[in-house]
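Each of the two complexes below includes subunit A, the first together with subunit B, the second together with subunit C.
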Partner chain A sequence: MTSIWDRYPDLSPSELRNLVAATAQVLAGSADRSELPADPIEISTGEAARELTASIDMLSADERGVVQELLEDDDTAIELCHVVLGEVRRHPELASAVAQTYEERSRKMTGAELLLLAGALVVLATRIKEIRAGKGGTKITFSESGEVVKAFLAGLVASLRGLG
Partner chain B sequence: MPGRQAFVDACLESYWSAPGVARMKADGTGGRWAAELLTLAGHERVAPLRRVLTEVARDGLHTLDPIFRFQDEEAAAIRGKQYGQASAFGVEQLRRSQGVAYVITLAAVLGWAVSLGEDLTAQVDGMPDRGWVDLPHGYAKAALKVGDVRGARQVVDTAYDVLMAARYPDHPALVEGIAAYRALAGTVGRRLEQAIDNLADDLLRSALRTHLLALMWTLGFVPECESLRRSGQPPSRSMLRTLIRLSMDRIPHDPLTQYVWLEMKDRPSLDLRGHHFFHVINRRYGQYLPDATWPVMPSQAYAQTLIGWLDGELGLDDVAGYLDVIDRVREFEEVREYSPGSSDWSVYLRMISLAYLLAREHDLLAGDPSPARELQTWRSLLDQVTRMRGRHHLNPHRADLEGTLNYPLFHVIEQGLRPGAGDNGLDPAQVVQALESYRAAAMTFSLAVTPPSTPAPPGSELARLLDTERELIGWLKGAFFLVNYEFLPTHFRRYATEAGTLAGGAPRGLDLETGRRDYLEVERLLGELYDRMSATAGEHAARRKDPTASVATIAGVLSQHTGS
Partner chain C sequence: MQARVASHASTVRVGDLRVAMLHYGVGTEHVYATLIDEDGSPRSTRLAAVEQVAQPVERLSRMLRAPTRYPPAELTEALHGFSADWGRRLLPPPEVLAGYDVLVVVPHHFLHDLPLQVVRTGDADECIANRFGVSFCSSATLLQRAAGRNPARADGVAQWRFPLTAGAGGSDGAPDPPALCCALGVDVLGGDARYGELARSCAGHFPDRRLIMSRDGLKSPVVRQADVICLVCHGVTNAQEHDDSGLLLVAQPGSRSELTIALHLGQPFFFRDLPLRYLPPQLEVAPQFQSGQQPELMTITEVRTLVETRAQLVMLLGCSTATGQLRSGDSYASLAYQWLQAGAVSVLGHQWEADFPFVAGWVPVFLDNWVRRRQPKAIAVRDALNRVLDDGLVSRDALHLWGAVVLLGDWI
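Now for the complex of A and B:
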């Protein structure tokens, strides 16, 4: 049986939105809830930007607006999502759990995701240190991946300073 | 179809409201965008725009003077193809500098719009100007990048409407453009949803619960408002999203909604200025003349009084002050129709409803304060509401009334249908009949064009009358189309000009006033017909004259349901 990862990254916009939603769902469900905001999947881009500027040392509170714009802009939001998805792929058990959730969502009448949940995905990826994924609940250290995402986001913010 | 000025205004909205443009202004001439723009202004693909781009960079976007000068002095002499090249060059700069892309595409689209003059949206041989395919698209893309979601939406909607109005929308020159605008409209829609989410979250975080309840009351969510008022809970996120969406649609016509939002403007717990919709909230629309000309602005007085009442902090002096304002509002209502402004009767209704409520609470009602008398007052207002609803389909130029007429309805239900209401001389059956009339009023047109099936022997008098009814209903539909004609998407008018030309002479007035006049005339003729029908088909005529269900019918239907 083929997995969504077999076609990755050549996905339609709708497939990408659904894969991002499935990944956010798995990350939110596999981590220690105390590490996460109250409703991480439903988080707005404004709240996500507030979370990110507060939790990433390389960003300042003044840059909240820029981070929010990055999460809302189609191009940069997709870039950010690909960085997180790339990190997820590095952990086979996690990637497999995401693929399974993606398939389950596809089979159910959940409806297509209309929004790219970039804010939720990036917040989850940068806040979660450890995940238990797969049937055996394999422990996965995700903090290094989180650092990669943080560095990428900080780089994007730096490139936008002064709208240069 | 918005005219040229409306299109230009939509393009310029970004200058006033986009967060990215605000940052560019703050950076000014020292910004990287300005330096980049100065360099790129020398490129041959933007040669016709060189002077304006240089001036904008040197002015640091502090004013629009360079753009206005360009429009007045140079824009008309530049060809459409040159604008297209400059805009494409601007779009290519998006990866390099959003600010540069924004300025180039803005100058290009504005110059192009001005160069076409009043022919901007015209169709020549059934096709719009070639620039519609690229120029608004390039600009809207850049405007989105700097954060102007609403302006971009208007530009995209207008361009899509113009392209769809082409007689040959499947022409190869248009197909890709139409598809590109559809895709961009999806992006704009998602951005708007995000903007609504962001504002909803900040409202939840704010300490402005009573302001939000005032918004609910003003937009017609009266039972919900009452429920939260009693429970002390804030509105849900989902309710806030609805309030934001409705507010943004209604504010240009609804000063009361606008002033409730304005009361939230400078509150420490909410940074309203940081949101995409701030420009909508903070703009002057001139909806209601007294707000611009009286020493006390009635809409502001309404908003402050309502919030104060919901807060439980309204004193007798405050109430007396508000009632004084309402006395003058009542006088103005007599002449409102003849004064400038886009507000509708719902403004008066909500202001006066609040006045009744406060007067009752503070024992300031003149005359008999009995429950029956009070219900009579609300019934009288509800009857007016029903009449207004029954005519709203003839006002397509006004914002949807939504729930703005709900307040008397709420009181009639609360007082007329509560247990023991009959003991106070109130007749619940009359209340139910009033509610049914209110419901039916929202479907006036649908009920008018859907007669019941009444059999008639061929050749009989009744058959002849039913034929006349069918014919008049056809006319009524035509008149209704005329009422809406100017407000429908442009492709509805694709063949209109030619039809008028072929008929010779001036085309018939395809406008709101003609439509309304025709509609009312046909309605009158139908009324006369039903009078004549009464002798031969009494039941049919009676149902056509009054399409509401009787209390007995409603009770009969309800009694078919059994509780479990």
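Now for the complex of A and C:
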């Protein structure tokens, strides 16, 4: 059976939104809840920006607006999502759990995901240290991946400093 | 609890079923339920304190409105917590419900959002939906109207005898089964042909069947006269403008049909039958719908404004078709209730996501129970659920897959 990862990154916008949502579901469900804000997938971009500026040393609190803009801009939000998805893909058990959730979502008679949940995905990726994924509950250290995402986001913010 | 009639009879008279209305009231301090039996004798019970349940109710409602925003395990855990723990505090004690076969539930306030059908009745894993025939109605007035237009409630309904178990003989004295079914099945997002096949298969249970091709076709005279309407499609929920929630259907190929509306002194005016809302622009439709038949949204507002029906049953087989929003006067706005208000006797919907493989597995069993074996609808729903759960279509524990099914309106 083919997996959504077989076609990655050549996905339609709708497929990408669904993959991001499925990844957020898996990350939120596999991590220690005490590490996460309440209902992390429901988080707004404003809240996500506040979380990110508070938890990433390379960002300051007054850059919250910039982070929010990055999460709301189509191009940068997609870039951020690809960075997280790229990290997820590096862990086969995690990637497999995401693919399974993606497939399960496609069995539902619901409309497709209409929002790109970039804020939720980035917050989850940067907050989670460890994940238990797959049937055996394999322990995956995700903190290094989180650092990659933090550095990428900080780089995006830095590139905008002084442009205002 | 044991079903009073199910335990000793292979065929049952409708008149022997013990039916109760469970009428809820949410007070400032407690939730109350009044159980009213066939004799009209009320029996009130004070249930959970509002402050004990308000928070879990709010959380579960939020999760069921947007299940994909939560990890699947969290949703499962929340449903199980409701089913086995705090949801039971919202039911009268088991001894009060014992002996009834059918419950007609009239919720109030925040209870409209709750899937009371998945609450466990006792210590085993039997839920309300497995034990009772259940139907819901947002108000007793709407229920009375729905029941009042049910042709199956003609004279002699009490003598109507139907089999409870497979192979227990046929029905006797039952009203004529519904004859005309209009069905439409389309998956405009994935292009999955199985949606259309399920609609055709549902229609195949009826002697006279018409396949409807489009959204505007649902307002045609033949659909207005249909005994059963079956729609298999995606449901779309709009959290900001709930009345713009609806069903993802398709436009009529070729020319548009016209609506005739009497606007002034009975003078008919003709309007092109355009959808009231465009599709959300982010939706990507399957390649076959990018040219030719265009996808269209049929919203709650459109059903409210332009749809009339006399169907004995409208089957809304899509996601969240019974998910609603509380309005003033304790009315509950959902697509399913809107069809009930448009004239349907009963509506089958989903309180959250519908899982296609489950729907495709249980709906034919339900239709067989209702149309061929002539079980009343609520009993047909219960027995079909039990049958597919016994057969292992999904696990009994998988409340998130099977628990979303609800029958609204008249139970017969």
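Following the convention adopted for this analysis, the second predicted complex is superposed on the first by the 162 of 164 C-alpha atoms of A that agree within 3 Å, B and C clash if a C-alpha of one lies under 4 Å from a C-alpha of the other, contacts with A are read in each partner's own complex, and residues count from 1 in each chain.
Operating definition for what follows: a contact is a pair of C-beta atoms (placed from the backbone, for glycine too) under 8 Å apart; a residue touches a chain by one contact, two chains touch by 3 or more.
Computed from a predicted model, the values in this text were never measured in an experiment.
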Original post:
Which of the two partners, first being subunit B and second being subunit C, lies in contact with A:145: first, second, both, or neither?
Top reply: neither
**OP:** Could you look at A:45 and tell me whether it touches subunit B, subunit C, both or neither (first, second, both, neither)?
**Re:** first
**OP:** Check the contacts made with subunit A and report whether subunit B or subunit C touches more of its residues.
**Re:** C
Subject >> Partner chain(s) touched by A:72 [first = subunit B, second = subunit C, both, neither] >> reply: first
Original post:
Given the touch rule stated above, what does A:114 touch, subunit B (first), subunit C (second), both, or neither?
Top reply: both
Original post:
With the two structures laid over each other on chain A, which partner does A:126 touch: subunit B (first), subunit C (second), both, or neither?
Top reply: neither
**OP:** Return the residues of subunit A at which the contacts from subunit B and from subunit C coincide.
**Re:** 42, 114-115
Subject >> Touch list for subunit A against partner subunit B, complex >> reply: 42, 44-47, 65, 68-69, 72-74, 114-116, 160, 162-164
Subject >> In the complex, subunit C residues that touch subunit A >> reply: 62, 66, 68-74, 189-190, 195, 232-237, 248, 280, 282-284, 317-320, 350, 353-357, 359
Subject >> Sites on subunit B touched by subunit A in the complex >> reply: 19-20, 23-24, 27, 31-33, 36, 97-99, 144-147, 187, 190-191, 193-194, 197-198, 200-202, 237, 274
Subject >> Interface residues, subunit A side, partner subunit C - complex >> reply: 12-14, 17, 21, 25-26, 28-30, 39, 41-42, 101, 104-115
